[in-house]
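What follows is subunit A paired twice: with subunit B in the first complex and subunit C in the second.
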Partner chain A sequence: MATRVDEEYDYLFKVVLIGDSGVGKSNLLSRFTRNEFNLESKSTIGVEFATKSIQAEGKTIKAQIWDTAGQERYRAITSAYYRGAVGALLVYDISKHGTFDNVERWLKELRDHAEANIVVMLVGNKSDLKQFKAVETDEAMSFAEQHNLAFIETSALDSTGVDTAFQRILTEIYRLMSRRNLAADEAQAGGIKAGQTIDLNGNSKDKKGGCC
Partner chain B sequence: MLRKLTLGSRRDDDYGERDENENGVVNGTLKPGEGFLPDYEDEGDAIVKSEFLSGDDRERSKSANSYKGKLEETNESNGNDAINGSASNGNYFHGRSSLGDDLGVDDDDSDQEPDDEEVLSDMERDSKGNFLDERRTTVAGGDNTSYSSKEVEAPLTDKYGFIIDPKNQTGSSGGARTTQVTISEKEKARRAEVEALRTTKWLAMIKDWDNIKDTKRTRNRIRKGVPDKVRGLVWNLLGNVPTLIKENPGRYTELCESTHIPSQDIRDTILRDINRTFPRHAMFAKEGEGQDSLRRVLVAYSLYDEEVGYCQGLGFITAMFLTYMPEEEAFWQLVGIMNHGPCCMRGLYEDGMPEAQKVLYIGEKLIKKFFPRLTKHLGRQNCHISMYATQWFLTIFTNTFPFDMVTQVWDCFLAEGWKIVYRVMLTFIRYSAPKLFRLEFEQIMFFFKQLPGAIDGPLLMEKAFGIPLKTRHIEHYSKKFDTLNPDIANRVQIKEQKKKEQEERIKKEIEEAEARGEGGVLTTTLSIPLAEL
Partner chain C sequence: MSGLQGFLGKLDPQKSQQSQPSAVPGRLTTSSRGKGGKQKSKAIKGWEENEAGGDQQRDDQRADSNDNGAAMNNLKINDVLLSEPNINLENLKSSAWCGLPSSSRGEVWRLLLGYSPTNRGRREQVLERKRGEYWRAIEGCGLGGEGHDHPGITKTEQVLLRQILVDLPRTAPSIPLFHHPSLQLLLKRVLYLWSVRNPACSYVQGLNDLCCPFIWSFLEEYLQENNKTLTKGIDVSREIPKQILQQVESDTYWCLTSLLSSIQDHYTPNQPGLQKQVYTLSKIVERTDSDLYNHLQSHGVEFIQFAFKWCNCLLVREFDMYTICRLWDTHISEGGEGFSVFHVYTCAALLGRFSETIRGISDFGDLFQFLQGGMKDMTESWGEEEVSVLCSQAFVLKSLFQNSQAHLG
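Presenting the complex of A and B:
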């Protein structure tokens, strides 16, 4: 029998990694979940999947992260994965302005296929390539403000900002969800009880037991 | 041949001390004595390896693990230049096999189909003769393989040219790509002998190709696997490459030298994928001839077929071709599999990826048909086929699976088309089923991620032909998909209809303009949208 991989957690959030091909989505994922960076990484075909749990405001939050192929035509397959996602990291490469220009198209993609209240964070990856910087931080920041997105610059290579990016988006999702639940509680005088877990679609289920 | 010689000679230093590799440690990946297969249990064979192998065998093992180019330089010629020129991996020509015949598949391959329902339940229960290495599919388990310091120091390649890195062994991360599971020395020697015997048979077959290519016997020999030494040549014959080159003289060079370049988007995507395609293969690991060839073929194809341009996934397939044949042949092989014959892969990659959706649908339905109970379990776990099989189909297994399996799948795929792809998929499921039943969603995902590293390629292929899949099953679901998705099914007709309407409209406008005496101006302005269709 295989080892059980599910540990105890309070919340399970589904997050997608999107953005042009070659911006470093897969390495952001491996840096966050396994603290690994692979210089010899391969193009992602279809979707890949990984998980990691973090602590936020005293709760254990498990992130279920879907890494998607970046080429535009793959959206025919990958857009199905936006469904049920409560967060999206929209990644561009700070050394290639073209990948930032496409951010707007990715936002449209999210508007068309994802839940309306999905939390989106704009991520300028490869911040270690300072000498090749083609997208200025101010430019990206004002774009993010304009579109109501969170924003961070990261480097999957030297780890800068990676944990912070995931920590921030997951905490943000958690806060939004608690606020929403609180509102629901007030409305229904009921809501989610202790020992239950909110899943991606807002349904509640029994809390997972500890590792056997 | 030239290409490989260059690459081989660049790596001269790497081969000095390699006799221990094949004999002692399977491709430097596993400790001796890690047997897993009931049929081929390793009973300490690896420990008595030196007694077990004859002198000739030791030589053979040494060279079989070297890089192809090196082999062409140093090994004795087998006297067939045509074959050496194509691709050669192992020097299998010394020992004659005493084995009566090839691997267990019968020559007449009657493909008997027992009653479906009965098979289903049997298939879901029975996983005897499993090709999966249990330890390598242990979910959330670490790889405890240990390595001697000597192996860590020497950068090596396996017989397909993949660099062996002791720290990076799992199939999905792109390390060594021969089968990584433990196989006894006895079984390895048996396989080598079978390969030698088959090579002799194939040499005769190639000479007489036009007469024997459509026979059942040839089909069955292909199903058993084309020997690696003649593989490039046979793939060319199967893909009709010589004819395509003859019919399009100089076309490839023209495309390479064309001043017309692909769109920025396509160009960027190709360039970004070049060093992300088999980064652990000696030919493609660094900037150089291998990467240059790959880039040229992909760019040339994007110009040859502007509607498809380039789609991620094609890089892996093209790179695999390049390890077996020169650039121009690899290009026409790509043209062939995309547009002609039983493969016809073009629809997988064009905008909207319509055929990718179709093969995933067919795959899903076939799994449901053969494994209804497991399908229910997977459904309850919200595990959809696109989560694990998208890359299987879009690269026909090339991007993560062991190359002894991949190349054998391609032997058959080039000859017969998609059936083998579904067969292999169903074989994975069949032998994983007992395990999958016990797993939950995340564990299932990790299981599939680790699957490539746990497969014994040749054994899997043997089992794949035992799956009672029929062409009519595939056709049935194919038609069903077309009925459910008329837009996708009729996309070619719809596109042609639109094009025709557009052309007629333009023609009419030109005629009207000419009647007004403004002909020349309108013709030039209107020719642009027509070309963009």
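Presenting the complex of A and C:
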């Protein structure tokens, strides 16, 4: 992959945004990567994509984030994008319980199509809609514990928790990777044609993260 | 628009007169009895008050420039539309292929999509029957009334309705017109009825985008009959009578149905027709612009990543409303194969048009951004000439490859 000189990074991690239609996946992405929010953004057709680099434990980590369409109809197509992903933000809308009920189905999607060690973070978005809260924090938290997921509540609208969510999942992926200290052949990890995980110190890294 | 009608009027006053609503059955008009005149004068006054708005001036200019380009063509189209009791569809197609003036676009689309009959004597009656049929179907499927609560529908239908309701406010967000409550209701009913009547496909995100060019063209048709023109921020409550909105709605439904019937497998599970189209596109580009193809390949950009949306939303998201309507003139004039076949060559021509720009981008993220949405910034200034060139290039590509599929193997 051709890389601009001003965008050097130590690690490139692929992260997918999944969850029901209308929960705010695209706005989480635009808030994180461009600090933008659109109350009425267009629905995502197929996939969209953006990158952003962050610092974690002294390393520059470039996140390659794939935003997928939420409608069930598109799952056959979007699940192809799970390949090579080391992290997933599974998003629901705290004001619509139905979107939380579907979280289990999304976990199954990940089990079926993603790498076994993918780091998953459950994200309750639209936390600004306090008066319409339909999914209690405790309920979501115990679900997350039960399924070994990280958990956070965010608001793409007022920015609450957005940077923290991405920072946490990327740091977690990095730590797991360092802990394992695997130096597998990067080709084995496969999947990210556009940008293999590159360690600029000269070592190839296994892109796989691990479940927390 | 008034400019074009004036131009036509000078050339042939009789024809100009003929193009008044009463002479063309089935056009979107309110009842010819008295009331309309009063509404019209009031509405025009409101219009003039708004005229200083910059956005509207820009919109007017866009409509003007597109229409002036097609002025001569308009003469031919009016000839076809008005001269014979039975319209010759082949003649109409060949004229419409080069672009329609927005004053007759709605009428021609209805004819070319097989919704409006070619026999002028039968037209009004048939359209009235079909429009009535639509409204009875809406009542029948439990979606009558103004609100969004429909207790009579099944659980599956409620899931479908919920998905449509999620997408309504996200339809063409930059065009306030589509966000007027009456138009949101219109979209909801059209999409819902189509989805329950086509269970093999049902609702697929992006179908909402496909309604917009129809709604836009039919509203424009009505406004131009009244010497006005459509702007993105038009005050629907004041400018469009309820009766017209109802006609626009039923016409949108029937025209959408006709369009989608030729590309059903774009929207069935796994969307095989769409995937095939994207594959064909990659093969065409591989053959015709290997530099571009190799550039995309070497940077890891796959056609499915960006062209999926082009084929799912039929390029509605890649152009503004004026330009997409003009582009659809050609697609609709291609008959049943406009969106199933010609469309893929249009996509190839579009990539060819921006080949140099794309080849100049060497970062995967930037490439992706450009193909995903950045292109729209570049097509925003497009007028008649650019679309004509694009369609001609698509035509050439189609002539080269459509009947020699071995080349694309």
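Convention: the second predicted complex is superposed on the first by the 176 of 212 C-alpha atoms of A that agree within 3 Å, B and C clash if a C-alpha of one lies under 4 Å from a C-alpha of the other, contacts with A are read in each partner's own complex, and residues count from 1 in each chain.
The rule is short, and it goes like this: contacts are C-beta pairs under 8 Å (C-beta built on N, C-alpha and C of every residue); 3 or more make two chains touch, one makes a residue touch a chain.
Here the structure is a predicted model, which means the values were calculated and not measured.
Trainee: So, A:S43: does it touch subunit B (first), subunit C (second), both, or neither?
Mentor: Touch partners of A:S43: subunit B and subunit C.
Trainee: Could you tell me if A:S21 is touching subunit B, subunit C, both of them or neither one (first, second, both, neither)?
Mentor: A:S21: touches subunit B and subunit C.
Trainee: Using the superposition on chain A described above, determine whether A:G58 touches subunit B (first), subunit C (second), both, or neither.
Mentor: A:G58: touches no partner chain.
Trainee: Does subunit B (first) or subunit C (second) touch A:Q71, or do both, or does neither?
Mentor: Both partners, subunit B and subunit C.
Trainee: In the superposed view, which residues of subunit A touch subunit B and also subunit C?
Mentor: In subunit A, positions 1-4, 21-22, 38, 40-49, 51, 64, 69, 71, 73-74, 76-77, 98 sit in both the subunit B and subunit C interfaces.
Trainee: In their complex, what parts of subunit A are in touch with subunit C?
Mentor: Against subunit C, subunit A makes touches at 1-4, 7, 21-22, 38, 40-51, 64, 69, 71, 73-74, 76-77, 98, 192-195.
Trainee: Would you mind writing out the residues of subunit C in touch with subunit A in their complex?
Mentor: The contact residues of subunit C facing subunit A are 162-163, 166-167, 169-173, 179, 202, 204-206, 208-209, 269-271, 299-302, 304-305, 308-309, 312-313, 317, 362-365, 368-369, 372.
Trainee: Write out the stretch or stretches of subunit B touching subunit A in their complex.
Mentor: It comes out as residues 137-141, 173-174, 264-265, 268-269, 272-273, 276-280, 285, 311-313, 315-316, 349-354, 356-357, 360, 386-387, 390-391, 394-395, 399, 435, 438-440, 442-443, 445-447, 449.
Trainee: Provide the residue numbers of subunit A that touch subunit B in the complex, in ascending order.
Mentor: Contact set of subunit A toward subunit B: 1-6, 21-22, 38-49, 51, 64, 69-74, 76-77, 80, 98.
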